[in-house]
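Following this message is one structure expressed as structure tokens.
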Amino acid sequence: MNDWIAIGALALVGLLIPLGMMAVSYLLRPSVPETSKRATYESGEVPTGGTRIRFNIQYYMVALLFLVFDIETVLLFPWAVVYLDAVESDAVSLLEILGPMLLFVAILMVGLAWAWRNGAVQWAQTPRQLASGDDRQ
Amino acid sequence: MAVLELPEWAALAPALIMVATALALFVFDSVSPRSTNRSLLAGTAAGGALASLAVAVWYTAAGVGTPTIDGGRGEIEPIHGLVVDQLALYFMIVVAIVTALIAVASYDYLAGHTYQAEYYSLVMLAASGMSLMAAANSLVTIFIALELASLPSYALVAILKDNRGSVEAGLKYFLIGALSSAIFLYGISLVYGATGHLYLADIAAVLEAGDADGFGGLLGLGILMLIGGFAYKTASVPFHFWAPEAYEGAPAPISAFLSSASKAAGFVIAFRVFTTAFPLEATQELIGIDWTIAFVILAIATMTIGNFAAATQTNVKRMLAYSSIGHAGYALIGLAGLTADGGDLVMGAAMMHLLVYGFMNTGAFLFVALAEHWGVGRTFEDYNGLSAQAPVACAALVVFMFSLAGVPPFAGFWSKYFLFTGAISIGTTAMLAVAAALVVNSALSLYYYSRLVKAVLIEDPLSDRGALDQPTGLYAALIVAAVMTVALLAGFGPIAEAATDAAAAALA
Amino acid sequence: MTVAVEYYVLLSMGLFCIGLFGVLTRRNALMFLMSVELMLNAANINLIAFSFYHGNLTGQVFALFTMALAAAEVAVGLGIILVLYRNFRDVDVTVPTTMRW
Amino acid sequence: MMIEVLIAVALVGALVTFVAPNRIAGKLAFAISLVPAVLSLWMFTAFDGSGNALLEGTLAFESHYEWLQLGEYSISWFVGLDGISIPLVVLTTILVSLAIMSSWTPIDDRESQFYGLVLFIEANLIGVFAALDFFLWFIFWEAVLIPMYLLIGIWGGPRRKYAAIKFFVYTNVASLVMFGAFIALVFGLGDSVTSFALPEIATAMLEGGPDGFLGLEGTTLTSVVFVAMFLGFAVKVPVVPFHTWLPDAHVEAPTPASVLLAGVLLKMGTYALLRFNFTMFPGQVETYAVPIAAIAVISVIYGAMLALAQTDLKRIVAYSSVSSMGYVILGLIAYTQFGVGGATFQMVSHGFISGLMFMAVGVIYNATHTRLVTDMSGMADRMPVAVGILIAGAFGYMGLPLMSGFYGEFTIFFGAFQADFAYAPLFTSLAMFGIVIVAGYLLFALQRTVFGPYELETDYEVSRAPLHDVVPMFVLLGIIILLGVAPDLIFEMITDAVDPILNGGEL
Amino acid sequence: MVGGVPPLPLQSDTVLLPERIGKLTGLDQFGLGGELLATFLAAFIVGNIMLAMTGVAGPWAKRKITAAFTDRIAVNRLGPAGLLIIVADSVRLLSKELIVPEHADRPAYDLAPIVIASSALLGFAVIPMGSGIHLADPEVGLVYVFAVAGIASIGLMMAGYSSANKYSMLGGLRAVAQNIAYEIPLVVTGMSVVIFAGTLQMSAIVEAQAQTLVSLGGLDIPAWYALVNPFAFVLFLVANFAEVGRNPFDTPEAPTEIVAGYQTEYSSVYFVLIYLGEFIHIFLGGAIIATIFLGGPAGPGPDGLGIVWFIIKIWGVFFLTQWLRSAIPRVRIDQLIEIGWKGLLVLSFANLVITAVIVGLIA
């Protein structure tokens, strides 16, 4: 039996359980519509403004960083899988199997260092940084 | 012959130097962020490009990658998928030249700009990608190198982030670029489907052995999509429409970079893919049509559309952008003229044109950069009478314009003439039509190029403008480009030889 | 229980066409980006299916690279869209028309 | 190496002048231009060539280097002088020096650029007359256009933009036609040529001609190429009906540019006709003799008539140039020793005379700021020397004996009478009638402007011309008289070079 | 070039749960339909084990553990040790009214709980739980687990944005920022295990840990990767806490700052699902740790005890989670991000490189 059919079956179960619970709840729960109930919760205050707020640019920054780094790890996985076999076989030297990965990680690290130093992963700016007049965002 | 024996990977040195320079700049920017030490940054970038240029020239002179006497192909393949032969070295030289000019010119253009180090490192990264494109001989490496060249370019076009034109240009460049790379990739996947290989020589072997029979449709569609990808990178019809907007909005040195180096790099992969992977006869047997026909059509359409559109522009940068499309059409002749048993002359001519273009077009855009630096405006009228205040720069502009038009005594004359004779010597009706289109378009192009010359030299300024400064870097780059455009006229022999040899080796 | 390669090609072509349709009709830059991602993934499906069909791993490995490149492309694209929003207060690709006159 | 030195001095001089301060540019350019002038005069005395450069003959100052390889054809740096080209080189260098000196007064804006361009033109003109490889020749040929276009466009009169563009478009289209035709010819010649060296092509043409190209038969191709090249050069000469750019260009051009334009640039056209059409296509020359002679005569008469109708002094001289070049064409088509030799002599002679005339007109204009015959009279009162020279020049134009014009025209007519195409005597007689008209309009104009009571319809006070305006004119006048008195100075070497053409390639 | 199937890597000879059930029930004789049914049954069993565990953990164990740490008395009225609170709570929550905020984006609002709950459940498909309870064993098991665990971020984002509440919005954003910040250290550290094992298949990773590391006086210490590379183990643990959003990394729902983060506006069964999803997630994290660092179901005693050992290990991790919840203060959002990007990421890459070098030198 194919592994993926089993996984698909679990996905089905994973979907059916929540749906079942929702169905049960639908049968059990009361429904008493009332307007003020549906107001969004803002610690008891009357809500002001919408939710389309402008939030910290850093959220985008880390998202972009993640996008790149995460996918780069995908390229490392195949290497990690074959690493042991390659090391144990005498066909290739250690440098040949280790070198490219080291280079790859080194370049990634240069990228991280650059992002770090340029404040891409810095959540908030200190007053001193603000005073330096840079509007990096 | 080289006295010292270098390891094999050193053959890639021109590209590796670019990569190393880009990383060095990133490291520098990490150590000291927001540095505005312009001399150091521009110097590093220019130094890297020049080192790459020197190594590439040295290799070419030393005969690296030339076919051996005993009939071997002689190319060096340090990594499977990256090959160093004459074709690769030739285009590495083109890329390095343009990069060096850009780096020097940006020294002044970027004065007061926030992202100095980023700018230079992105330029160097893109240049690395272009250098690698020259060496790539597998669809995998080609695609990766293509993206390595494209991604920094997108950012570079939009780097003036408070300038709406620049951002708009970046967006359009990016959108069309993303679309075309998707199409290109799909084309690759179809070719892979038809042949089971991504390595160009293997694809050819499969095609020639007839092992891909029955996959003609897939292959044909794949090739068509690949052509689409090249068309984008070289700003040819039908993916040319990003070019005017992107070149116009981008910082002028970047426009120069894209329209010269990026275009050349696009052509080198087109040359390599079509000469290596799709042997004419075998492919024709399989898909039922000669793929050069596509390039004949594209060449004529591209040069005609580019030139006619250029003739109607009022904005100088946009005119240059359209003219750059026209020149892509000229270079496409190199592919249109390939035949089963030859075509090295015409392909060589296209290569020569791209090298010369690297100087004259870069120079022309750098003049625009200078005008932007002065803040004189963007239309022909705004340029009126500049020569009274800046005679040397305007003399350089005259050189570029007439060279672009293909008028003697400038190097552009030779390359256009070689293209013309190359097309004629093939002798088919299609190629004669191409040659005729070349002549007609060249004559047309003289009209709008001389319009700029006329504006700068002959017209009187619309309004008084103050004294114009003479930024060292821009002037230096401009003058070097102009001198080379003239000097190449005399020194065309080695270039013609290198180009035709490389083409012959690639076609062999 | 293997699926014939033709179906994969059909699937990928379908996906490609959906992506292309999105590219041609959507005005939102983000939707455009997503459509392009669809097209790239269509190519990936092809690469992997044919890799299996031809019995070599080249296509699969290339697909890995493609994913990485697609991510990088999106990263750059989002950055550009971000500055686009800063300048034009919109992510509609038809809004910026400074250069059309 | 001497030719390279000549060109290099002019080129480097052009660059140096271009970046020199405006204040000293004129003097500097003149000093630099003296070097080629003196050198070329020395070369003239040291000339040891014989025969024709393209056919039998030994070249003087020859140098030949491989340049580049284009498919099966090689292109080379190939220069050398024969009896036809050396007088033209000397004409160029001397005229440029004098033109520069005569620009000191009128040019008062962006001088360094102006003189730089003039020197650049000089380099290319020398190249045109010395080049013996088609590509080399073509590059020099085209390179003349750009600076000339700029000279007219930047320093010209009120309608300078129109004139400059017209000049540029006419001559460029003509070049394109000629270029395409010649390339087709070379391709048509097939394996019999392996380079673009003109002697090799000329030999191949005389020994059989092309095999055909692009579906054209060999003989058809030859005829087509001949006609196309004739048209291409005819624009440059210019002959009626391609002459309309010339008056505009002359009228708008600043004096020194006019001097060069009339003195040397027009000769490029006739020189090229002689070198290409009349050397490489003897058969076609015979075939098309009558129409070409007709065109020549029409140019003579029509040009002169137009001159008669003008009131602008410069236009008068310009149209008379059209007329004079008609004589040259007539001499060439006569295809006799005296005809072709006379035509060549006339090229040189007309170069000096028209240069002198334009300078004289220029001096008058500098003083009066008008060139209209109707606006002035009695100039002789105020500027006797300049006016005297103007009169002398006019006599030269009319072909007064003891002036070079006389010898040139005389030999042309002499040769043309001997020509063996149909109606040759008739054409010659008609052309001779042109002289009468020339005399008519020149005397008319002189009488109106020079003599009579002084009167001027502008606000300018007229005084004697400064020395540096007059000196060049004196030099030119001296040369004109010298050539008139001792035409053999150059006529011998010219005939020596012309003979092989007429003898079908034999010396 | 007619295609052939490439030689597959050696399939491990573990017998998976669906086949066992097929054999046990005789369903394997009914062809494809039978097999499918058997598979579904197996999936149902696994799903319910997890549900049962979270049912216990959520309403009861959490309170008990926290109470023990803070010296309080927790649930003790209903049933022995208050265990019946589970039933009471589930009835209470399921029968509550569902209140949907006014401007909610309904499709996303409805989907989010399902995504959160089922994505965590999906990960268990490839976990070898011992005693033959192992649903599927694909070659890419480890990557698969990381991938499906990542889906939860989408659910959190959906929940946060669709609620039309600023707290929710911020909570969702924080959740995603945190997840992605720690995802990379997590994956890269996991990769250092792959270097030892040379495979991504979960069963093979477990097998690889069965070797003996050292023998201490007759006592064989197995080569659990937690012992082989404790540094990686610690890194992974820390990253995992952040992944599942528990102290000290519970900023996304920090009650004192943004009420309850992305779940502020959820009530009734939706709240149950999100709550369940979080707990399943904690257990999934524990299962991953147990599998790749603690030898999976390995332990003294017969193989049949595997599931017991496995559950003990998972609960161990859960216990640790609750311990930290009581013991360590929450970090600020900026600290959280910077710890992730500047600390853990660098450390994890360092770990990877050092591991690779050491493995390379030893082998």
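To keep things simple, chains are lettered A, B, C, D and E as they appear, and every chain counts its residues starting from 1.
The working rule: a residue touches a chain if its C-beta (ideal position, glycine included) is under 8 Å from a C-beta of that chain, and two chains touch if they have at least 3 such contacts.
These are the chains along with the protein names UniProt gives them: A = NADH-quinone oxidoreductase subunit A; B = NADH-quinone oxidoreductase subunit NuoN; C = NADH-quinone oxidoreductase subunit NuoK; D = NADH-quinone oxidoreductase subunit M; E = NADH-quinone oxidoreductase subunit H.
As the structure is a computational prediction, the values presented were derived from the model and not from experiment.
For the remaining chains, with chain E not counted, a single touching-connected piece is obtained. Least step count on the touch graph, chain C to chain D: 2.
Distance from the centre of chain D peaks at E, each centre being the average of the chain's Cα atoms. Distances from each chain's CA mean to the overall CA mean are smallest for chain B.
Summarising the inter-chain contacts, the pair of chains with the most C-beta pairs in contact is A-E. Measuring from the averaged C-alpha position of chain A to that of chain C gives a distance of 20 Å. Our note on geometry: chain B versus chain C, Cα centroid distance of 26 Å, whole angstroms.
Centre-to-centre, using mean CA coordinates, chain B is 43 Å away from chain D. Annotation: 94 Å between the Cα-based centres of chain D and chain E.
The residues of chain A that reach two or more other chains are 63, 70, 116, listed in rising order. Contacts with at least two other chains are made by residues 5, 53-56, 61, 65, 72, 79 of chain C. Across the complex, chain B meets chain C through its residues 139-140, 143-144, 147, 151, 154-155, 158, 161-162, 164-165, 167-172, 174-175, 178-179, 181-183, 185-186, 188-190, 192-193, 196-199, 218, 244-245, 248-249, 318. Across the complex, chain B meets chain D through its residues 345, 387-388, 391-392, 395, 398, 402, 407-409, 413-414, 417-418, 420-422, 424-425, 432, 439, 443, 446, 450, 454, 457-459, 489-490, 492-493, 496-497.
In the complex of the two chains, the chain E residues touching chain A come out as 16-19, 22, 35-36, 38-40, 42-44, 46-47, 51, 91, 94-103, 113-114, 117-119, 121-122, 124-126, 135-138, 143-144, 161, 163-170, 173, 176-177, 180-181, 183-184, 187-188, 191-192, 194-200, 259, 264-265, 268-269, 272-273, 333-334, 337-338, 341-342, 345-346, 349, 352-353, 356-357, 359-361, 363.
Against chain B, the residues of chain A that register as touching in their complex are 107, 110-111, 113-114, 116-119, 134, 136. Contact residues of chain B toward chain A in the complex are 23, 26-27, 29-31, 33-34, 114.
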